[in-house]
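Below you'll find a set of structures to go through.
Presented sequentially are two complexes of subunit A, the first with subunit B as partner and the second with subunit C.
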Partner chain A sequence: MTRLPQGGLIDRTQTLHFTFDGEQMSGHPGDTVASALLANGRHLVARSIKYHRPRGIVSAGLEEPSALLTVTDATGSTPNLKAPEITLRDGLQITSQNNWPALDRDAGALLALGGKTISAGFYYKTFKWPRDAWHKTYSKIIRRAAGHGQVDPSTNPALYDKRHRKCDVLVIGSGPTGLSAAITAAQAGATVVLVEQDSDLGGSLLQSADTIDEMPAREWAKDAADALRTLSNVIVMPRTLAFGQYDHGLVQAVETPQSGSASTSILWKIRAQRVILAAGAIERPVVFPSNDRPGIMLANAVRTYIRRFAVAPGRRAVVAVADETERRDTMAALQEAGIDVVAALQPGDKITKTTGRLHVSGISWRGANGKRHSARCDLICMSAGWMPTAHLFAQKGVRLSFASETQSLRPPQSDGPMRPTGGARGVLTTADCLADGKTTAHQVLAELEMHKHLNLNQPEATPAPAQGFQTGPGKAFVDLQNDVTRSDVALAQREGYCDIELTKRYTTLGMGTDQGKTSWTNGVLEIADITGANPETIGHTTYRPPYSPVSIGALIGAEVGNEMVPTRRTPFHDGFERLGCVFQTSGDWLYSRYFPTAGETMMQAIKRECLATRNSLGCVDMSTLGKIDVQGPDALEFLSRLYCNAFAKIQPGRLRYALMLREDGYVFDDGTIARLAENHYLVTATTANSGSVWRHMQKMAQVDWPELDVTLTSVSDHWASLAIAGPNARKLLTALAPDFDHSSEAFPFASVREGLLGGDLPVRVFSVSFSGELSFEINTPAGYADALLTRVMDLGAEWDITPYGLETLDVLRIEKGHLSIGTEIDGRRTPADLNLGGMVARKKSFVGGALLNRPALQQTDREQLVGLQPEDGETSIPYAAHLSQSELDSKGQAPLCGHLTAAIESPILGHSIALGFLENGQERMGETLWAHSPIAGKSVRVRVTSACAYDPKGERLHD
Partner chain B sequence: MLLIPCPHCGLRDEGEFTYGGPARTLPALDQDTQVWRDAFFAGQKPPGPMTELWYHTSGCESWIEVTRDTATHDILNSNTPQSKVDTP
Partner chain C sequence: MTELLTPSRATDAAGFLPGPLGLRLDEEQISVRAVNARADRLDDLAPLGSHQPTPDGAVLRLWPTMAWAIGNALVAEIPTVDISHGHTHLRLRGVEALHFIANYTYADPLDESRRQTKALRTRLNHFDCVLWWTNTRDVHIVVDRSLAQSFCNHLRSLALRHDPADPSKTPRPVAPGAPDRRG
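This part shows the complex of A and B:
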């Protein structure tokens, strides 16, 4: 154990047990998996992606490039988590990745011996021939070997949620800058949300030896956090990673609550007027030969493990820290932990090599005077400087600029919602960060008119160390996660991949789960070194959310399976359940599909329902149709402009079938227009288009023709609608005892009446038909649906009334050649294509009329709707077939002249029928074609007929 | 995700709205095909301020005109497309 006997922010009274590659280990609450592994003396935790080199824990934060682990708990396993980001919990099973058969004897490491051949571009150059081999051979082998951890394919039982929050000032990060900004904003009365990715608040203060207000920094942070938590205008959110900045002050963050498992998380959408980005800075590693061995760590990480987690990450340390203050602080921390400082390198020293097989065991360097040194050690603390964490700021497309005085990419001044502050703009000392947080908070408070403007001085960015370390020849890693070395970066420049975007993709520098958090600036400096370019001109690749990987489950939230969209049920749903209905999802609706009797299959039920309706009486739910109430002196003019057919002569009490075009002349929707009174109409829209037709009509009324005095009301959900259809429909209507004259003379086809059934049930009855039979659509206020259904079923029993669902509805309409949205009305059809050219009014102007007259839409040989029947009168026509004049050739191909939109077995006709679009179809009646269905593996000879296969004269609509 | 100022409901989240395309002045319905074709299909959309139609689906169900800078997403203006005063 390398746990120090005292100190640290861990709860030593409790012990948590976990395993690493099966080995039992323990830690304490307050530990991360990284600190617990180090406390158990474990440095080697991973193998690198390309060369399978031994790798350890480099950092103490989300920038971790090397220590990627698979974590298994009760909810399953999650790959590629960074050791420092995982809060230790009891019972975690941690496994290393990318090694076989074991972490300390990895067969893949043999690749490292041939390391020179796997340089940047190796795959492109090596596997490009023979031509077919990539797909057949190489990709299969390489894909198996590529990547880090394995995805757990089992269903994830963890719960996820999405929530919203709103505030005046959002502070991201709780180091000295964030705490200072949050306190300042809170004191002015602003609503403040403070998010911190870590479980503890304090950021760098947790491992700082500084004092603030004569208190140790860590205690000051605790006091500040406690004070913020007591304020009613402040919400403190630890364990919450702000991962993306979006428009107008929206920040998305993912919270991993303390209780429960690591994969249970909440996606927060936080809308703030101002966002103070106090995300701090990331330490820049030193590039030198074999700088990747376990035991080589960032200096700040070493201080963190010692002071926050009470872990001694080694016994003999070499310090290679460029900044003098930080070097002294690091040496102090090492001494606090009782670690021997065997050497402290001076800036300008050239590091020539390190040694060690599974752990660093020594380092060699040359002093500025050329003198060679070497030291035996098990820990190297390195730092070349600091890089602002301005990623969230740059995600909105603002370019960061490389500043030579800080040797890092810095955000420019901004007057947008997000303000990088403190470390995120290169301000590094604790005192300066406290001042910068306060200054920025006052600035945004003044902008929000919550405080008077104060002229506070903004601290300057902290300059980079005057001199860094030199590096000798050898495999020196720039990007540890992707095994990108100095020579790879140099090779990309030599081969012409000089643009930074190309360098990234050619070498994989800055890719992967860490997105170059530790490597990017070093990469830029290498390129500048090789090409002699000014690093300020090199730039950076595009920053995109998420800042650090976020589980897909968190982004989806609870919207899975049946919870993806609300389920809509019609007013008849409960009544249909009692009738044994089988339901199906149709758009948002759970709609009746068929009503089987005991032991009946779906096909048997459909046949029975169809024949019962054609021969006697059926009933079907029509409630999902869109229903729009149109009133006003200009209602007729409004509808006349909106629909393409003429209906000025429509009398009160009558209705018309009507067709609506889009502005570009194609058919949009069909429905009926019923004139209820002089200036009162009710129009229907198809179920699928009910929302879009409503929006379209609103647009015309509100935007295009505000001069028309018309009022629109959507009444779709107010009415339950049950159609009774069949030769006995009027007899049932009589039995229902309406209080209006409903004889065939007084209430003919295409009429509407309002009244009461049986003296008490309010209804509107429309004599319209989708089935082709005599039919009445009885509408009643939705609350009376059950009463209507009960009466219809009770009184209809005399004619053996048969409820039917979507399947039979479809069969009946296909027999009649009636149109359906999405199949026939598919957004590419003119009225003439649908054999409705005669409906288009000649004497009025309407939406779509002008563009319908475009020559291509008026050609007579366009695809037109036709019916199709098997030539032999019995073979079943396959669904999803294409039409051709010829048989399939030896390659299974044939020139096409159309396709089917629907194919069914017609119970009343006793054979298969289909609808389809056929080039110049109206001129090809009687022609024989092939219907080829590659899906069904079937080709059938079909004869072209009229789209209406049953009762073409429409005699059955009348009695 | 934009914040859109609805003239009726105030500042609302983009998720409440349905996009309705650029606000265009369409020809009268009796204009001929050529005039309609030029107006409907030949529009240019250079980056910068553009007046658009948005429909407040999960709100007041009104169409509104919003002037948005398509390069920066700054919302410059929003208003009702008509001057007609609603009488309750």
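This part shows the complex of A and C:
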């Protein structure tokens, strides 16, 4: 154990147990997995992705490039988590990745013997022949040899959630800058949300030896956090990672609630008027030969493990920190922990090599005077400088620019919603960060008119050390996560992949789960060093969300299983359930599909339902149709402009079939228009188009024709609609006892009546038919749907009434040649194409009328709707077949002249029928064609007929 | 049209939601009539965005050219259309009622202006809904009848994802008469 006897922010009164590769270990609340592993003396925790080199813990934050682990708990396992980002919990099972048979005896390490052979571009250059071998052989071998953890394929029982939050000022980060900004904004009365990815607030203050207001920085941070928590206009969100910035001040963040919470994680969509990005800065490693051995750590991480977690990461340390202040602070921290500082390298020293197999054991370097030095050590604390954490800011497409004075990519001045502040713009000292947070907060408060302008001075960015470390030849890693070495970067430049985007893709520099957080600035400096280019001209690749990996579960939230999308149920749903209905989703709707009896297949049920309706009586749910109430003195004029057919003479109590065109002249939707009273109409729209027709009508009424005195009300959900269809439909209507004259003379086809059934059930009854049989669509307020269905089924029993669903509805309409949205009305058809050209009024102006007269839409050889029947009267016509005059040739091809839209076996006709579009179809009645279906592997001879295959004269609509 | 029967319910909402928040969700029948007119005429009736109680009900004006007359609210000289059966009225009650809803609505019901009007038309995850409340513990929600059961199921699922309110993260409700602390 390397746990220090005192200090740190851990709770030593409790012990948490966990395992690493099966070995029992322990830690305390307040630990991360990284600190707990180090406290248990475990430095070797991973193998690198490509060379399988031994790797340890490098950092103490999300920038960790090496220590990627698989974590297993009660909800399953999650691969590729960074050791410093995992809060230690009791019972965690931690396993290392990418090694076999064991972490300290990994056979994959033999790959390192490949040396320069396995350099950048190795795969591209090597695995080219034979071509098929890539998928069959090479990729499988490579994936086994290189990679990260395995995804757990089992179902995740954890609950996730997505929530919204709004505020005036969002502060990201709770270091000195973030706390200062949050306090300033909160005191001015702004609503403030403070998010911090760590479990404790304070950021760099948690491991700082500075004092603020004569208090230790850590205590000041606690006081500040406590003060913020007491304010009702502040929401403090620890364990919350802001990972993406989007338009208009939207920031997405993922919260990992404390252990035992109902949700495993919560995705927050936070909308703020201003966002203060106080995410701090990331320390830059030093690039030197074998800089990747376990025990070589960032200096700030070493200070963090000592002061925050009370862990001594080594016993003999070498310090290679470029900045003098930071070097002194690091040495002070090491001394606090009782760690021997065996050497402190000076800027200008040249690091030539490190030694050690599974853990660093020594370092060699040359002094500025050329003198050779070496030291035995088990810890190297390194730092080349700092890089602002401006990733979130750059996600909106703003380019960061390399600043020579800070030797880092810095964000420009911004007047957008997000303001990089403190370390995120290169300000590094605690005092300057406090001042910068306050200044930025005042600036945004002034912009939000919550405070007067104070014109406070903004601190300058902290300059980088004047001199860094030199490095000798050898395998020096620029990107630890992707095993990208200095020579890989050089190779990319030599081979012409000079642009930064190409360098990234050729070498994988900056890819992976850390997205180059510790490597990118070093990569830019290496390219500049190799090519002699100015670093300011090299730039960077595109920053995209997420800043750090987010679990898929968090992105999905509660929208899984039945909660994936809202489901609409018709008012008859419960009643149909009692009747044994099988439902299916159709768009948003959960629609009745068919009603099987015991032991009956779907096809048997459909046949029974069809014949029952044709021969006696059936009933079907029509509630999903769109229904729009149109009223006003100009209602008729409004509808006349909207629909293409003439219905100016429609009388109250009557209805018409109507066709609506888009402005480009193509058919948009069909439905009925019923005149309920002098200035009162009810129009129906197809189920699929009910929403778009409603929006179209609203737009026309409010924007295009505001001069018309007309009002629209969607009553789609208000009315339940049950159609009774079949030769006995009127008998059932009589049995239902309407209080209006419903004889065939008084209530003929295409009429509507309002009244009561049985003296108490309010209804509107429409004599319309989609089935081709005598039919009445009985509408009643949705709350009475169950009462209507009960009466219809009870009274209809005399005629063996048979409920039917969507499948039978489709068969009946295809027999009649009626149109369906998406199949026949597919957005490319004119009225004439659908054999409805005669409906188009010639003497009025209507939407789509002008462009319907385009020559292309008036050509006579356009595809037209036809019916098709098998030539031999027996063979089934395959669905989705294509029409041709010729047989398929030896290549399985034939010139086409049309295609099918629907094909069924007609129970009433006793053979197969189909609908389809055929070039110049109306002139080709009786012609024989081929229906080829490559999918069914079938070609059938078909005869062209009228689209209406059943009762073409419509005699069955009347009784 | 005289209603002589008792309308059937659209949902099974009649009791507490699961989870620790102690929220209760109930379906209640209300009469709703759509009041359609030009915006300037409706402005005289109720300003846009408002919920105005009347002796016999309330007028809800959340659309430019439409208002809802709830209950028996009288709307003189403007034709109305009964849409009672097209919508399902749910009441969500409990200490956290409005704050729970606010987690999922696109518009913020706790926004300063909405705290004044106490009414909102917004989207709760994938569901369009209309909200109004007299206090943050009693929220009225209206959704399309066809979506109502799915909506209730969704609220149940969301309620399961909550812990007892954490005062460090949840702003305490602001008293109706509390002064505006901004500026």
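Here is the rule we use: the second predicted complex is superposed on the first by the 918 of 959 C-alpha atoms of A that agree within 3 Å, B and C clash if a C-alpha of one lies under 4 Å from a C-alpha of the other, contacts with A are read in each partner's own complex, and residues count from 1 in each chain.
Definition applied: contacts are C-beta pairs under 8 Å (C-beta built on N, C-alpha and C of every residue); 3 or more make two chains touch, one makes a residue touch a chain.
Computed from a predicted structure; not experimentally measured.
Applying the stated contact rule after C-alpha superposition, one finds that A:K452 touches neither subunit B nor subunit C.
Set against each other, subunit B and subunit C differ in how many residues of subunit A they touch, and the higher count belongs to C. When the two structures are aligned on the shared chain, A:L851 is found in touch with subunit B, with no touch to subunit C. By the touch criterion stated above, A:E663 is placed in contact with subunit B alone, subunit C being left untouched. In the superposed model, A:K891 lies in contact with neither subunit B nor subunit C. In the superposition on chain A, A:D161 contacts subunit C only, with no contact to subunit B. Shared-chain residue A:Y784: touches subunit C; no touch with subunit B. In the superposition on chain A, A:R842 makes contact with neither subunit B nor subunit C.
Looking at the shared chain after the overlay, A:R695 reaches subunit B, while subunit C stays out of its contact range. Annotation: subunit A residues 271, 702 touch subunit B in one complex and subunit C in the other. The touching residues of subunit C, when paired with subunit A in their complex, are 1-5, 7-8, 10, 19-20, 29, 34, 36-37, 64-66, 79, 81-87, 102-106, 108, 110-111, 125-127, 144-147, 149-151, 153-154, 157-158, 160-163, 168-172, 174, 181-183. The touching residues of subunit A, counted against subunit C in their complex, run 159-166, 168, 188-191, 229, 232-233, 235-237, 257, 261-263, 266, 271, 449-450, 558-559, 562-563, 565-571, 574, 588-589, 629, 631, 702, 711-720, 754, 756, 759-762, 781-787. Interface of subunit B with subunit A (complex): residues 1-3, 13, 18, 20, 23, 26-33, 35-37, 40, 53, 55, 57, 61-63, 73, 75, 80-84. Looking at the complex, you find that subunit A touches subunit B at residues 246-250, 269, 271, 641, 663-664, 695, 698-699, 702-704, 706, 845-847, 849-851, 853-854.
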